[in-house]
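Structures follow.
Each of the next two complexes has chain A plus one more chain, namely chain B in the first and chain C in the second.
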Partner chain A sequence: MPPTNAKGTDAGPTALAQTGLARPRPLRLSEQATGLLLVLPAVLLLLALTIYPVVYGAWISTFNKHSFFPEQTFVGLGNYTYVLTDPEFWNSVRLGAIYAVASIVLQIGLGVAAALVVNETFPGRNIVRSILIFPYVIPTVVAVILWKWLLNSQFGLINYLLEDAGLIDRPISWMGKDWIMVSLVLVSVWQFFPFVVLGVLARLQSIPGELYEAAAIDGANALQRFVHVTLPQLQAVLFIVILLRSIWMFTKFDTPWLMILGGGAETYIRTLPVYTYQRTFAYYEAGIGAAMAVLMFLMLAVATAIYFRLFRHEEAL
Partner chain B sequence: MLISRRIARVALALGFASCAGAGLSANALAQDKLVRVWHTETEPQTIKAFNDIARRFEAKNPGVKIEAEGLAWGDLEGKIMASLAAGAPPELSHGQPITCTALQAKGLLNPLDEVVKAIGEANIWDQVKRVCNVDGKQYGLVHAAGTSLLIYRKDMAAKANLKPPKTWADLLANAKALTQDTNNDGKIDIYGITVPGDNLFINIMLGELIKANGGTLFDKANKPQLTDKRMIETLEFWRELVKYAPPGWEGHGYLQTFQNLHGQKAAMMFQGYGRGAGMIEKFAPKEMANDKTFDVWIKPHGPSGSAPAAQVDEEPWMLFKASKNQKEAIEFLKFFYQDDNYLEYVSTVPIHLFPITKSLRNSAKYQNVEMIQRWKGWIEVQQGYLDKDQGKPTLVVDWADMTEKPYLMEVLGSGILRDMVMDVVVEKMEPQRAAEKAQKRLEDLMRSKGYLKG
Partner chain C sequence: MITARAVRGSLPLVLVSAVLLVLFAGFPFVWMISTAFKDSHEIFATPPSLIPRTWTLDNLQRLFAETKALTYLRNSVVVSLSTVAVTIAVATPAAYSLTRFRFPGREQLAGTILFTYMFAPIMIIVPFYVMMRFLGLANTHIGLVLAYTAFCLPFGLWMLRTFFQSIPLDIEQAAMVDGANRLQTVLYIVLPLALPGVIATSIFTFILTWNEYIFARILISADELKTLPVGIADLYNASVVDWGMIMAAGLLVLTPVLGVFFVIQKYMVAGLGAGALKG
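Up next, the complex of A and B:
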């Protein structure tokens, strides 16, 4: 519709010129240029917040550099040689792997089981679903403080309940050498299994009912329906969930760090991210810390590539 | 694709307007001279007292604003370093004494001599003046001092007829005697001693013990002395001592060791502090919350040592060279140390926060603080350590370490000393082997930092 003036008559170019108002000239951009313009902010953010730190980290890893002061000396691959021959580094890789594998296996097991339960129809299902999500939405610092209180060896509720039930005859030292990894895994599973529930539940709700009906007609029992109908349908979502959770658990810093803050047998849950942080911010060795971060990145990249190769089929799904 | 020029103009105008707005609000804030202060006293009553002092200072000094932040010990060093790297340190901050000397060695601090002069140099205790004093200039001024304490259950010791331990062997005997199955059910109900398992406190305790055993951590050429006989004896003692500690002690932080004591799970606490008196009054059963039940012994010495040693918790104020409002910060510190203000501050945790000024410590107003009356014995033991120069900051064995060993902060942060102790007492490694392992790691660290040649 052409623009109109206050009198309602056509305000074409001539009329506008008569009133002294010039019609705004449109800015002409090619579709390609517009496209580039629209992605430019995202590209700039990516460069500034992801690419630059990664490249800078890799560059720093070739220097013997104080974390905060401008002192630095070029050492080439010296930091990598040092890190790869440091027993503490390999110990932290081992602890990180134990933590990641144990917590992922339990998160998946618990998450799938919980999703199957809340996929059924029963009174109060929505409330149960909301409660299930709760651990995932509370801040990690709150979750860890809460669990440290529950697991306190002398005054904690968990020990009290276990002793009261006659399951143990003396308090377990949950933050001591023998149990701190178990405690860490326990806290992490509790906090992150809802993520698995969300992913799996969403997929469960979209599995066509006809598949189950057909399986039932063929005489499949509940277990057989789960193995032959549900699990194959969950493959794609489990592929993604396992991949994401593996990356996140292997690089998890806040939960183990908070567990050892102010007590907690640190040596026994000093995972790779924690050790990297310590080398950088307690030893003040930014170069070595950066080399460890680069190695961590490479480990994850290799593990992800292997994972994709092993499960090519699920990737296609 | 068409984009209206008018829309583009409006967007541009909005962009400029928001930038100008940000600039204007920054200018408005800049009208006040802001003094940022970071301190390590996080108890609510201390934060309140400090903020009240700050508000009174602001009232007397229009145009100056004090912004104080209480931080946990563990967070402070990293935050200071990050702020220095960003070129935006606070005006004033607490720090470990060894942090103070490390930063002074890098030329990042300005002296606080003007504050010392205002207080009166002769009015400050000698022990305190040795902290972060370089070439006669006071780069760090202690906010308050309190020594570590060996706290014990006086009632249980009396019952077991125990004497104050003079040597480590005596202490082990006492710990054994105080490890008790009180209800004869075959299970230990109260352990002889509680010790901390976290990095900071293991470093503190190791520094204390090596001094009490006549040893040192580094020689004059900065070579670590971890394989020295006196260190091996120290590790052996530690290994014996934890036999009487609650299981899982290696997972106990500073606060849990206090819980063990006032919660009646341990009869002695090796790394106690005056702050514990407040916790006892708050958390122990009412009839036990007194110095008749919880008292302090002078710490014993090792087989190769001859005198006790204690750690002094005495974070100094540091004035950062790169901060903006240093003059105002100095004026604030002068105000802070004035007797009435300072009394208000130290009275919030009176058994822990020893005033650095003689005038206040000797004043009737201070002596009459109720809690000081109730826990006199605890104060006297701390006074004794300070008067006899038996108290030193963390990892400082000799006062010369303060200036000659600016790397102690990195040694503390590295956790190498903690790992050595854990190797012996938890992993059951032979002390000699654990010491050799730690010696190598520490030498590597010292070389990489350029402090050790060869």
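Up next, the complex of A and C:
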């Protein structure tokens, strides 16, 4: 087909870009068809692999269903009443919330501080940035076994160093009931703070230097410049970063699950995702597991809505 | 404290903080490498040594001789590369279409993609598992690739869309004016320009898939079909933990990630925006 779209004098590239059309109007229908055809496989896969499972999950949650066998009996909201009156469910929500809040606060604090540091100019800055970001791209299983080795109560380097420095008399049982939540938070902060560094650093680099010069001329010290210049500029990116990190930490399964593996004080870090997994794949109660997943989503949706109401700024998103 | 001028004088403080941060983020890896190359006596010696007194490949050898590490490695490679192939093959035309054509539902589709970020694997794993069992795809690599495509496709689409948006339409129009048809234009003009984006998206897909644990744990039960993360977790979960071998296994799974990490570092922020860095 002859390309005739360049003949119009006023329909320049900008106008074309705005309409999203690269061809003249008479061909609109076949254009639409081509466009739809190209996008169709992606749409079908998304429908089949993401949207359908979500809907199907809600459906399963109304059945008493074994995870392996096809038999199922309709129980309506029975699974929900069961879950909502199960003290272990509420305990898992509590543990999940403790884990999420503690690890998010520390990730954000450490991440923002680290971003400020690597935003400065100093020799070797690029390699420092790479090293700081690397823990984020490794498999969780490696993060967990690395720290399980460092925190090993008998042979771990950390207990050795603490004893050597005279800070403790007896080895700490990091995977025992008193410390496992602390260990879990430590591993998670180590693995996930780079995400905060990435997001915040990108924003820091776009803050105009004049703002700081002006503040410095006005006699603002470093702390004042941070509070009055940097923080307001970071508001929008922190809004998004905290939102994403909260969603991901509250639904985090593999880190706590792998921490339990090979002897961890299981009941002290049995967060909601871990408990959901256990109900489904250890007790084979797919209906209960699905109901818990739906409840997890509802809690997230409500928390997200509240978060938006409280903190949304015009420039966010 | 941002511009170089503003911080003059606090450089020592910055350097000390940088060293502490590097120690925190990087030291666990140093310790892993150190352990992986120590013999079994030195691993448990007191005081511990940072640099092995005698370097040994025993741990790596044991890993390959006594476990199915090679099988896990091969499975990981097959599953990851297949997922990259499927994701890119499906997402590239779709992303091109989203930026070049106008059709009903285009905007809604973009919204749907963002919506899928709300769903963590743990929320869809139950129905997904039941679905795969029904289709007879549980315990197959095809089922696993489908699962990975499910969570790589949204960000792949989103990321490629950004790259296609950055390619000016006039270049394509110029080619068409010169008599090229749409297919030729895409093959010879658009795709070469979008190549960095395609490569970056492929690498993010690869890393996500390579590292994934939960779907592989649930969908695969046969030992010969397991991927490295699950295989390593099982090694660790054995009755007596062989720390030297475990650290060698960790090194094995990390090496490819380290290799591609430096290629995509400059795309990290783009990946962040697209949700390629979920986790």
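Throughout what follows, the second predicted complex is superposed on the first by the 272 of 317 C-alpha atoms of A that agree within 3 Å, B and C clash if a C-alpha of one lies under 4 Å from a C-alpha of the other, contacts with A are read in each partner's own complex, and residues count from 1 in each chain.
To be clear about the criterion, contacts are C-beta pairs under 8 Å (C-beta built on N, C-alpha and C of every residue); 3 or more make two chains touch, one makes a residue touch a chain.
Just so it is clear, the model here is predicted, and its values are computed rather than measured.
Chemist: Decide which partner touches more residues of chain A, taking chain B and chain C as the two options.
Modeler: The larger set of chain A residues in touch belongs to C.
Chemist: Is A:E120 in contact with chain B, with chain C, with both, or with neither (first, second, both, neither)?
Modeler: After superposition on chain A, A:E120 lies in contact with chain C alone.
Chemist: Examine A:Y284 and indicate which partner it touches, taking first as chain B and second as chain C; both and neither are also allowed.
Modeler: In the superposition, A:Y284 contacts chain B only.
Chemist: By the touch definition at the top of the document, which applies to A:A265: first (chain B), second (chain C), both, or neither?
Modeler: first
Chemist: Which partner chains sit in contact with A:G176 here, chain B, chain C, both or neither? Use first/second/both/neither.
Modeler: First partner only, chain B.
Chemist: Using the touch definition from the top, say if A:L157 reaches chain B (first), chain C (second), both or neither.
Modeler: second
Chemist: Who does A:F89 touch here: chain B (first), chain C (second), both, or neither?
Modeler: After superposition on chain A, A:F89 lies in contact with neither partner.
Chemist: Could you say whether A:Y99 touches chain B, chain C, both of them, or neither, answering first, second, both or neither?
Modeler: neither
Chemist: Answer with first, second, both or neither: which of chain B and chain C does A:F239 touch in the superposed model?
Modeler: Neither partner.
Chemist: For A:F63, decide between first (touching chain B), second (touching chain C), both and neither.
Modeler: neither
Chemist: Going by the contact definition given at the top, which residues of chain A touch chain B in one complex and chain C in the other?
Modeler: The answer is residues 31, 34, 67-68, 152, 155, 261-262, 281 of chain A.
Chemist: Of all residues in chain B, which touch chain A in the complex?
Modeler: 1-6, 8, 72, 74, 78, 81-82, 84-85, 106, 187, 196-199, 246-256, 259-260, 263, 265, 410, 413-415, 418-419, 422, 426, 445, 448
Chemist: Could you list, by residue number, the parts of chain A that touch chain C in their complex?
Modeler: Residues in contact with chain C: 1, 3, 5-6, 13, 16-17, 19-22, 31-32, 34-36, 38-39, 41-43, 45-46, 49-54, 56-57, 59-60, 65, 67-68, 113-114, 116-122, 124-125, 128, 130-142, 145-150, 152, 155, 157, 160, 164, 190, 192, 194-195, 198-199, 202, 204, 207, 209, 212-213, 216, 222, 225-226, 230, 244, 247-248, 251-254, 258, 261-262, 273, 276-277, 280-281, 286, 289-290, 293, 296-297, 300-301, 304.
Chemist: Could you pull out which chain C residues touch chain A in their complex?
Modeler: 1-7, 10-11, 14-15, 17-18, 21-22, 24-26, 28-29, 31-32, 35, 43-44, 46-48, 90-91, 93-94, 96-104, 109, 112-113, 116-131, 133, 146-147, 149-151, 153-154, 157, 168-170, 172-174, 176-177, 179-182, 207, 210-214, 218, 228-230, 232-233, 236-237, 241, 243, 246-247, 250, 253-254, 257-258, 261-262, 265, 268-269, 272, 277-279
Chemist: Which residues of chain A touch chain B in their complex?
Modeler: For chain A paired with chain B, touching residues are 24-31, 34, 64, 67-69, 152-155, 169-180, 260-267, 278, 281-285.
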